[in-house]
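Contents: one structure, followed by commentary.
Per-chain residue numbering starts at 1, and chain names A, B, C and D are given in the order in which the chains are listed.
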Amino acid sequence: MKEKITFGIIGGDMRQAKLAQLLEADGHAVHIFGFDRQPELVSSQSVNTLQQAASADCVVLPLPVTDEHENLNAPISGGVIRIADVLDAMPQGQIVCGGRIPEEIFRMASERKLRLTDYFAREELAIANAVPTAEGVLQIAMEELPITLAGSRVLVMGFGHTGKIIAHRLHALGALVTVSARRYSDLAWIRAYGYRQEFTEALDGRLGGYDLIVNTVPHKILNEARLQELSPGCLCIDIASRPGGLDFDAASRLGVKAIWALSLPGKVAPVTSGAIIKETIYHILQELGVIQ
Amino acid sequence: MKEKITFGIIGGDMRQAKLAQLLEADGHAVHIFGFDRQPELVSSQSVNTLQQAASADCVVLPLPVTDEHENLNAPISGGVIRIADVLDAMPQGQIVCGGRIPEEIFRMASERKLRLTDYFAREELAIANAVPTAEGVLQIAMEELPITLAGSRVLVMGFGHTGKIIAHRLHALGALVTVSARRYSDLAWIRAYGYRQEFTEALDGRLGGYDLIVNTVPHKILNEARLQELSPGCLCIDIASRPGGLDFDAASRLGVKAIWALSLPGKVAPVTSGAIIKETIYHILQELGVIQ
Amino acid sequence: MKEKITFGIIGGDMRQAKLAQLLEADGHAVHIFGFDRQPELVSSQSVNTLQQAASADCVVLPLPVTDEHENLNAPISGGVIRIADVLDAMPQGQIVCGGRIPEEIFRMASERKLRLTDYFAREELAIANAVPTAEGVLQIAMEELPITLAGSRVLVMGFGHTGKIIAHRLHALGALVTVSARRYSDLAWIRAYGYRQEFTEALDGRLGGYDLIVNTVPHKILNEARLQELSPGCLCIDIASRPGGLDFDAASRLGVKAIWALSLPGKVAPVTSGAIIKETIYHILQELGVIQ
Amino acid sequence: MKEKITFGIIGGDMRQAKLAQLLEADGHAVHIFGFDRQPELVSSQSVNTLQQAASADCVVLPLPVTDEHENLNAPISGGVIRIADVLDAMPQGQIVCGGRIPEEIFRMASERKLRLTDYFAREELAIANAVPTAEGVLQIAMEELPITLAGSRVLVMGFGHTGKIIAHRLHALGALVTVSARRYSDLAWIRAYGYRQEFTEALDGRLGGYDLIVNTVPHKILNEARLQELSPGCLCIDIASRPGGLDFDAASRLGVKAIWALSLPGKVAPVTSGAIIKETIYHILQELGVIQ
C-alpha cells in the first residue's frame, strides 16, 4: 500500500533502533548512523555514513533531538555527534523529522532550507503514547503499593490524553477510580465512563481516603497543604512534565512517598514506542505527499 | 450546598416532569404549568398559574421548545400554549432556559429583554446524553438482531460524543468493534481503547462482514453503493440527526434493514434525561451567578 | 476437520431451522422433517420424508422435545407429529439428541434400543446459553426502566451460570452491581470481579435502594416480606425456572413490577442458540466416537 | 457485628503482621509472638509471651507454617521457634489456624488434642489470592516486555482460579487473550467472557505468534518441543506450583525467557494478603461457632 522509500535514522535510543527495524520490515531501505556501539540492535548490514543517512527520502532524528542544543541525543553512538554537522550533511529541501525540537534547531534547519517537522508535537503520537504511559503508571503502582490495585481507592488528577487512559486501565483492573477535572464537559465524560468525579477547584479537604493519587496536570496542584491531607501510605505518582504537579520537597518533609515518572513510553515499552513513532512519521509523509 | 431558589417549569414531557421532581427533591420551590393532563407526574400540589411559573428565579422550557415556531411543546397539557403568551408573562431580565431553541424564539426573547439560554447547546449535556443514546442503540440492536451482541461484528461510524460511548458499551458486551473516523487523532484513540480502526475515506469495499452498523455521522455516508456491500442480515442503526447518514430509500430497495433512531435519551430513559437537564441548568445558573 | 455425516432434524423452531443451515454450511448432509409451513427457513431443497430424517447418522429433536408427552414440539410443522411415530421410524441403535427430554421419552427410546442424549443437560450448553440469557435480561431492563443501566443500582441474586454473566454485563455497562450468594467461594469470586457482595441469608432488611433486581435462584427468595422492602419503581426480573424465585401474587398486590422471563436464548437470539446447540451436538458425537 | 475475641499471632511475615493490625482494628485483642525484630510492624504494645499468644481464643500460625518440619516460619523473629514448643504451649482443645500444614504437623496437633485447620486449603482463600497473583503476573510482564500489554497477543494456559482472573485482567488492559483448557465447560466460559479458545490437547503447532504465555497448569505442559515453537522474544511466566509447568532447562538452552513466579500474593500485596487471611479465619471461626 505504501511505496518503498529510503529512511535515514540518525541517533536515538532503543526506540529509534526498533523504528529502523520496523521500517525495514515494511519494505523500506533504511540507512542508520549513530548506533555504532550496538549495531545489531538495528540490523546486520547497517554500516552507513552520515552522508548516506542524511540524504535519504526522509531523515529521522531522536526524541528528544537533544538534551542541550549542541549535540544529538545518541546514547548508542560511541562518539559525539554535533547537530550542526548532521544538518550540514543534508541537501536543501531535505525532509527531516525529530522529536521535542527546540526553537534554536528549527532556526538552524530553516537557515539550511530543510523541511523539519516535530513528530512529538503531533496529537496522534501524544494519544498513542498515553497507552505505554498508563502501563508505566500501573507498573510503578504495583511495584510500590503493598495492596492490590483491585479494590484500591485511586484519584486521577486531570482528564487529558494520559488521564483518560490511566483512569480506563485502573477501572478495568477493579480500582475505585475518582477523576478530578475543571471543565463541565470533562466531568460529563468522567461520569459517562463510570468514574467518580471531583471538581479540581473543590479538592481542598477531599484528598484523604486515597491509596494512590496519579497527577497528570502540569501545575503545582499537589501543594504542601494538600499533601498534608493524604492518608498514611498514600502513594503519589506524578507524570506531569516539568515543573511537575507536586511539591516534592514538601512530600519529602511530610514522609509522603512521591514518584516523578517522566518519559515512561520509551522506558517501559521501547518497541511499542518505536512503532508509534513510525506511524506518526507515515502520517507526516502522507501529508507532505511523499507516500500515499 | 446550593441555595434554594424557585423554578418555573412550563410545558414539556416526562423529562420536564421528572426535572420538576428532582428540583423539589433538591429543596427548590417549583411552579409548573402545562402538565394539567397528568399533574401527578410532577407532584401533588402542583397547580400553578402561568404567571407564577413565568416569574420564578429560573424558568425552564421544554426540549425541543417547539416543533413549529408558534406553540410550546407541551404534550402533557390539555390545551395549546402559545410561546408568545409564555414569553409575554415574563418580567424583563427573566432567566429562561430551553432546549433546541430556534432563531426566531431567541429574537422574540431578545425583544422582551429576557435572558434565554439553550441548554441543549451545552457540550456537557451532549456528552451526558451519549449514555442513554448508547443504551437505546443497544436495546434496538438486541430487539432486532437474531444473534447476541457478544461475538457480533459491529462497525461504529464516527467517534464523536455518541460514537465514543456506543463503541465502549458494545466492546464491553463482547462485540468485535471496529470504528471508522477521519482524523489521525481519533484513530489513535480508537486503537488506545482496543477497537479496530477504519479510515472513513477508505471504507469503500470494506463494509461486508458486519452484523451491525451504527452510524453517528450526519452526512450521507451510507449511500446506495455502500449499502450494496453489506452482508445479508446486517442491521443498520442511524442516529445522525437530519438529514441522517443513510439513504433509506436505497436501503428499502435493497432489502437492508435500517432504523433511524432519533432523540433516544427522552425515549429510553426519561428520568435520566430529566436529571441530565437538571445538572446542565445548574451549570448555567452557576455561570450566571444565580447559585454557587 | 470434522468428517461429513448426515443429520436428520425433526421438528423444532427457529433454532433448529438455523441449526440445519449451520450443519449444511459445515458440509454435512441434512434431512429435515416438520418444517413444512416455512421450509425456506431451512434451505431450498429440504423436502424429506420422516423415514429419511429418522435414519440419518444423527437425529436431532427439538428443545424442548415436547410440551406434553405425546407430540413433538414442532411449531413450524403444519400438522401434528406424534413422538411415538418419530421414534418408531428409527432403526435400532439410532443416535438421537433432544432437549429437555422427559423420563417417559427416555423410557420409550430405551424400549426401541435408541441411543438418546439430552443436549440441554450438558453444562457447556448451559454456560453458552448464559450469554443470550444475559442479553435478554439487559434488553428487558432497558425496555422497562426509565433510567439508564449506567449508574443504576442492581442486585443480582445468585452467582451460578447466568448470575455470573448477567453481573459481568451489567458491570460492563456501568451499573453498580451487587451480587448475593450463599457460599464463601462464590462471595470471593464476586469480590474478585469487583462487585459488591451480600450474603443470601442476611438479605432481609437490605433490599431497599435498588433500581433493578435480577433473580436467578430457583427458590421463592423474593417473598412478600422482601418485596415490601423494595424501593418504589424497582424492577424485578426473575429468570429462575419453575416454580420461579418470586411471589408474583404478592408483587401484584404490592404494585411491584415483576417480569418472569423464561427461555430467553431462543427468544432473543435464535441464531446464536442454534449455533450453541450445534456445538453441543458435535461434543456429544465426539464423545460417542462418531466424529473426531 | 462480630464479637470481640482474643487472637494469638505466632510467627509469620508481613502478612501476619498486617493480619494482627487488622484484627485489632476490628476490635479484637491480639497477642503476638515471634515479631521481635520489628515489633512496630504489628503495634506498639505488642510484647507478649508465647504462653499468652498460645492460649488465645484462636491461634494463627504462618503461611507456610514451616519450610522444613521442625521450626516455625518466623522471618521477623530474632530466634528460632520450634513448632513442637509452640504446640506444647497450647491447652487441649485449642483452636489453631495455619497455612500449608504438612501431615506431620497435623499429627502432632492431633496428639495434643488441638483443633487445627489449614486456612490455605480453603477455596475462598485460593480465589481471593487469584487477584494479587494476577496483578503480580501483570507486573512481571510489564517489567520484562518491551511492548505494551495493550495489543499484545497472550496465551493463558488453564482456566482455574488464577487463570480466570489473569485472563480477565489482561483482557481488561487490551491484550488479545487466548485461553487454553481441556473441558468443554471451561471452553464455554472462555468464549462467554470474550476470549479466544484453544484445546489443551491440540496446542502442538499452535504456540507461535504469542508475545506472552502465562501457565497456570501444574504439569510439564510447556515441554521442549513446545518451547521450540515460540516466537522470538515471547516471555513465559509460570505460576504453577512445584514441579511447575515449564521445562526451565530447555528454556535456558533455547534462549526462551522464562520466569517461575511462585507465592506472588505475599510478595506483591502483603497487606491485601493479610486481609484475605483474616476473612478466611473469620469463616473458619464462624463454622466452628466461635463467632457469628
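Things to note:
Note that contacts are C-beta pairs under 8 Å (C-beta built on N, C-alpha and C of every residue); 3 or more make two chains touch, one makes a residue touch a chain.
Predicted, not measured: the structure shown is a model, and the values here were computed from it.
Contact with both subunit C and subunit D is made by A, B.
More C-beta pairs in contact connect the chains of A-B than those of the other pair, out of A-B and B-D.
Each chain gets a centre from the mean of its Cα atoms; the one farthest from the centre of subunit D is B.
Look at where the CA atoms of subunit A average out and do the same for subunit C: the two points lie 50 Å apart.
Look at where the CA atoms of subunit A average out and do the same for subunit B: the two points lie 37 Å apart. Here the CA centre of subunit B is 50 Å from the CA centre of subunit D. Residues of subunit A in contact with at least two other chains: 131, 150-151, 174, 191-193. Subunit D makes touch with subunit B in their complex at residues 150-151, 174, 191-194.
Of all residues in subunit D, only 14, 18, 131-132, 135-136, 138-139, 142-143, 145-151, 169, 172-174, 268-272 touch subunit A in the complex they form. Residues 122-125, 127-128, 130-131, 165, 168, 184-185, 187-189, 191-193, 283 of subunit A touch subunit B in their complex.
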